[in-house]
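Two complexes come next, and they have one chain in common, chain A, joined by chain B in the first and chain C in the second.
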Partner chain A sequence: MVSKTATLFICLIPALTPLFLFGFYPLTYAFYLSFTFYNLKTPIEPYFYGLGNYFALSEDPVFIRALQATGLFALITVPLITLISLGQALLLASQFKGVKYLQVLALLPWGIPLVVSSTVYRLFFDFNFGLFNDLMVKLGVINQYVSWLSMPWSALFIVALAHIWVNTPLPTLLILAGIQSIPKELYEAAYIDGAKTFARFKMVTWNWLRPIMLIVLVYSSLSALWCFDPIYVITAGGPADFTKLITFYTYEKMFSYLNFGHAGAITILILGLTGLLIYAYFRALRLGRVRLRV
Partner chain B sequence: MSGQEKVVSRRKFLGAVGGLAAATVVGWGLAGYYAAQPPREVVRTVTQTQTVTQTVTQTVGVTTTPPTTTATLPPLSKFVDIEWGIWSWGVELCNDNARIFNENNTDMKLHVTDLGANYMANLFARYAAGDPPDIYYATPDIAYVVQYRKWAADIEDYFPEARRYLDDIYPGMREFYINPFTGKVHGLCYWAGPYVFAYNKRHLSEAGIGAPPKNYEEVAEQARIIKQKGICEYPIGALWSWGFPALWYNIMLGYHEPKPGTRFLFDEDLNPIFDDRGTPFFEAIKWLLERVVVDKTISPGIREYDESGITTALGSGTVTFCPNLPDYDIAGANVPELKESGNITMCLNPGTGYAVYHPTNYSTSTRCMEKGRDNQIAVWRVMQFLGGKTTNARPDFERGEYFVCNRLIRQYGVTSAYRPVMEDPTNKEVLRKLKIDPDLLLAQYEKLTTILWRDPVLTPWWADWFSSPSSEAGGRVKPKFEEFLTGARSYSDADILNFLKEIAEDWKRAKKEAGM
Partner chain C sequence: MALNTKKSNLGLYIAALIVVIWIVFPIYWMINLSVQTEKEIYSVPPYYIPPNPNINNYWFIFDIDAAVKYFLEQGMSLFLFIPGSIKDFPRAILNSVIIAGVVMIYNLIAGTLGSFALTRIRFKGAMPLFYLSIVGRLLPPVVIAVPYYVIIRSIGLLDTLWSVIMVHIMFTMPFTIWILNTYLLGIPTDIEDAARVDGYSYFEILRKITFPIIKPAIVAIAITSFMISYGEFFYALLLTKTAASRTIPVIIGSAMSEPRVVKGLICAMGVLAMIPAMAIIIIFRRYLIRGLVAGAVK
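Moving on, here comes the complex of A and B:
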């Protein structure tokens, strides 16, 4: 028995080593930092600071603004990612000529590095040379180039667009797999019972997909919470901090302000928020156990 | 199952344990915060700051040449390995320079470490880990922090002859190469150049304007004419990202000639002096906002200009003027691929003619110097090769040349703080080929001031407050100012004053947090 356990642990070492090194250790260190005064720009040596970093954050208007921006960003991106993925999956599940090519196209953004796709968006909306301005002028929508990335709401939407573009393929794939696993008999039974298209979608497809949709919600919420690259590349948090999401704020605290204590505290707060979100969604998942009512 | 087992379910048990753990952590944190308030080390007092500033001023003013000391370095008693930390620019050139150095200095080795694009964070992380590179680049905000923390050594402490290099440095730049805390030369120049007032001469000519602006009122007037004639929609641009502080200083300098003791933002005790009507900063903000809101000669999108953005905008004719372009970017705006190639030039900063500059230096770590005399000699050899005068990669102050500085300007047009480098006929010819008028540039070199970096001194939180000259991120003033551009603040005097009061409060808070 002992040797079996030992063998089990030995076999797990390759999997657990990176998990500990790059997962648990940094997290534990961040936890330690969050209770430490640790600012590399001051000559003050690190010391135990209790909840000082957390108190300091609660008084920092930029932190509050970053939280608000993150919430707003999630409010925009989560429903859109969910709806677009559902729409795409329904389309790709249909049988028509060329659907295979569409499936490849739908997955393409997933294969492009975030920095690259973000740079494309930045250039696309550039206020001097951006293609978007050119198109809008040619279509007569605007009569002169507009600095879209310098207006708070348009900047936020552009960042959201870049984020959505990259984060839609995975949920699409999940939902598509879900749709393809629906037994045909359910549709046939619904058809025999006289259910129209919308009723069939509501009673069969939607009910079957509900657990998957909740996973998509978890995924899209967490990706909104962790979104960094588009902000870094496209807006750098501006204009006027309007697109400064919590991740970018953490980055600033860590790598620009070199305030490791604050950065550690924010990391722990994000971790807590992530945990809460996952808990809430999984609770919802349990309550919403699939009950097909055909 | 017993009744007791039903009461203490696994879920309840886990919940209780979790709650207890959370309560313990919070209690521990609170207890730590309230009970264990450690003494904060106040390193610099106001009095010290004053003294330091006075020392610097006196030192620069009185003498630059030290007592004569022989520059001949004794041979090394053991083989020494020196690590040179660089950022990710010109990596091949750096490696090639290291190769040349090693070929001529066989008793030691210089090796290059690329600290990456996130240079400052990586450098400081190396310091925090107790393993800094021996010699590395420092921008003003980096130099200040490493001096403040005593991480960096003053090269003059070990080699007094380093002070002789001050004679070769343009007067307006000298002060930067002196540690404000000690009055000693801390390192030699890597590169340095002014933020110049760049303009498009074709735009001016097409608008019927005969000469570049002589003051900032003329900048506004010429921009209005250029816009009215449909030559350029938003004639005034600027390097916003890392040139943000320089932009304000160049505008302020346009109106106010710097004199000994001139202060724009802070007094000797580091108290804000800008948060009132009529201060230079107030007037500079008002000037810029009037161009944005009234004349509409500055786009609210000005905030999107990073270095490549403003260079391309100039070169493509999207803007006519840029008051704070790094000098070497004139070459970038004139590359043949751009529409306005050959039309982008510079003039003295309108008004007083004075401008600020961006310097960098080679710093050496205290840790390197503590390794012993051999390391000190080796790093001084390296520093002189990279930022001083050598013959065959060996120090030679009397007859040597600024080998690496010359390479930088000849290959990339990267300018220097040293007069012999800038006035070298070959280098001037190189600048001409890069479409940079060397005579105009040298005229600006003669009218430089260190006030951007010595107003009266930098502080550890300066870059976090104003925005870092070595990073795109950070800064409290910049996002708050952007509220004017987004329309969240009006450009009325009252709103400008409110803005100044707010950022003054931010400054005071940061100063208090730093224990100063």
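Moving on, here comes the complex of A and C:
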């Protein structure tokens, strides 16, 4: 018989080693990099740079632009992912013929690599051969073909679309499970009290779903903050840096400019943003919480 | 919702139709383009239904010489070019499957052991360790990109499957532990306690009692980790340079980033990349919905 301590070690070491070795150790290294002058394009050896990287970033207009782009992207995708997945989940929780098939179907995009979905959306909105232009002309919305990918706002929306398409199934599944776990008595009680459909939704469904909505909000905000694949495939940051999200900017700093110090400083800022975001959501959804007694 | 009855059925079907179009159409469009010749793809307006479906593009992926010959015969009028990376595609399938497979198996074993220890063996520090793993889940991938790249380069593992496997394990493990932990915490421990009193060791309990109970969650996390690793692009792109370690998303992504590429071939690759993941979802749908959902919501 193996002793308890030995069991613990055998069980925990395989699970936690990768986390510490490839997660937390590189993280401390990122802090070190962010305070270091580390640029492979110069012959200068890495040296301690203090806050130099951060100052350099704060003066870089492209960095500011990337922050704005990420903010805009989050403002577009987070509400859309939340609303679409809530809508889908409400639909999938209803009873009608074929809903079981629909549940599986709604899960499909989750398995498709983001690169592939981005490819599809880029071909959709292709200037000459894209489907979208043809549809719009046939519907009479536009007179002639429009180059959607070279206009800032439409390019951002196309990137967002590819991102949303892949990132709605998981929240949908979570919300669906939440809806299915609502006790029927709550609806009946609300019904007897004379609540209309919308009031029932607000009082019962919404309150019950609140913790799950928190998870969905955190998930979708983080995925917006981390979005990379659609940018790489669809716009490469263009037009005029309008869709250059922070992740893509970091990638460029690393591999086009080979400036690891700057890239390190950006990643630390991203980490800070992530923490702030999570904290803000927890504060916002905790305050003024209506407690329902079941 | 339980109280919605026939009154709004028509609305439900319209909504369902919208969802079906939203999900199926992009998939259909990729298949549609993949069975057209390059001339047909480059026609204005586009064909909504392939005029003469053929699987040439699928054939060309695996026989790049035939593709080059074919496009030369077709004439150079379109100024197309075939990205050289396409010839690495068969190898990339193998790489993707190896990477995702190893990540999945590691998650399965280490995740089960780890969350069993965290939830079923009482010891000081279980909670802090669990929170640490959650923090690992919230760590933005790009944050450790730079240091990870530098470290991997300095130990000479750049452009190997191992470098990708290790970082994928790091990203899937917190999710695995989170799902399994919540699942395990939702199950009463009476039987396990009884077995403990009867003198079973922890490993016997895990094998004989706990494992059968949490099977759906284990299947769910195995599939999830496979899927995450299979579709992951950012790290695969950073760490791989040659055919020896490139994965499917890297091939497709880098082919798409070149101008005037042969679209039919890329679409065919895209369709091939979609198939395994979609098949897994359809086959294991019950486990996915039961295991993931029960784990995540409680």
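Please note the rule applied: the second predicted complex is superposed on the first by the 279 of 294 C-alpha atoms of A that agree within 3 Å, B and C clash if a C-alpha of one lies under 4 Å from a C-alpha of the other, contacts with A are read in each partner's own complex, and residues count from 1 in each chain.
Just so we're on the same page, a contact is a pair of C-beta atoms (placed from the backbone, for glycine too) under 8 Å apart; a residue touches a chain by one contact, two chains touch by 3 or more.
Note that the structure is a prediction, hence the values are computed from the model and not measured.
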Should the superposition on chain A be reported as showing a clash between chain B and chain C, or a fit? clash
Given the touch rule stated above, what does A:258 touch, chain B (first), chain C (second), both, or neither? first
Can you tell me whether chain B or chain C touches more residues on chain A? C
For A:48, decide between first (touching chain B), second (touching chain C), both and neither. first
Under the stated touch criterion, which partner chain does A:150 make contact with: chain B (first), chain C (second), both, or neither? first
Who does A:225 touch here: chain B (first), chain C (second), both, or neither? second
Have a look at where A:236 lands relative to chain B and chain C in the superposition and call it first, second, both or neither. both
Now for A:129: first (chain B), second (chain C), both, or neither, which partner does it touch? both
Could you look at A:94 and tell me whether it touches chain B, chain C, both or neither (first, second, both, neither)? second
In the superposed arrangement, which partner chain does A:199 touch: chain B (first), chain C (second), both, or neither? neither
Taking the superposition as given, does A:178 touch the first partner, chain B, the second, chain C, both, or neither? second
Please pick the stretch of chain B from 43-51, 259-267, 331-339 or 349-357 that overlaps chain C when the two structures are superposed. 331-339
Where chain B and chain C land on the same part of chain A: residues 128-129, 236, 251, 254-255
Listed in rising order, chain A residues that touch chain B in their complex are 35, 37, 40-45, 47-52, 54-55, 62, 126-129, 144-145, 147, 149-152, 236-242, 244, 248, 251-252, 254-258
Along chain C, where are the residues that touch chain A in the complex? 1-4, 9, 12-13, 15-16, 19-20, 22-24, 26-27, 29-30, 33, 41-46, 48, 106, 109-111, 113-118, 121, 123, 129, 132-133, 136, 138-151, 166-167, 169-170, 173-174, 177, 201-203, 227, 230-231, 233-234, 237-238, 248-249, 252-253, 256-257, 263, 266-267, 270, 273-274, 277-278, 280-282, 285, 288-289, 292-294, 296-297
Okay, in this complex, where on chain A does chain C touch? 1-2, 4, 7-8, 10-12, 14-16, 18-19, 21-27, 29-30, 32-33, 87-88, 90-91, 93-96, 98-99, 102-124, 128-131, 134, 138, 165, 173-174, 176-179, 181, 184, 187-188, 191, 197, 200, 205, 212, 215, 222, 225-226, 228-229, 232-233, 236, 246-247, 250-251, 254-255, 260, 263-264, 267-268, 270-271, 274, 278
Partner chain A, residues of chain B touching it in the complex: 26, 28-34, 36, 38, 40-41, 43, 118, 120-121, 124-125, 127-128, 145, 148-150, 233, 241, 299-304, 309, 312-313, 316, 318, 460-461, 463-464, 468, 471-474, 476, 478-480, 482-483, 485-486, 488, 514-515
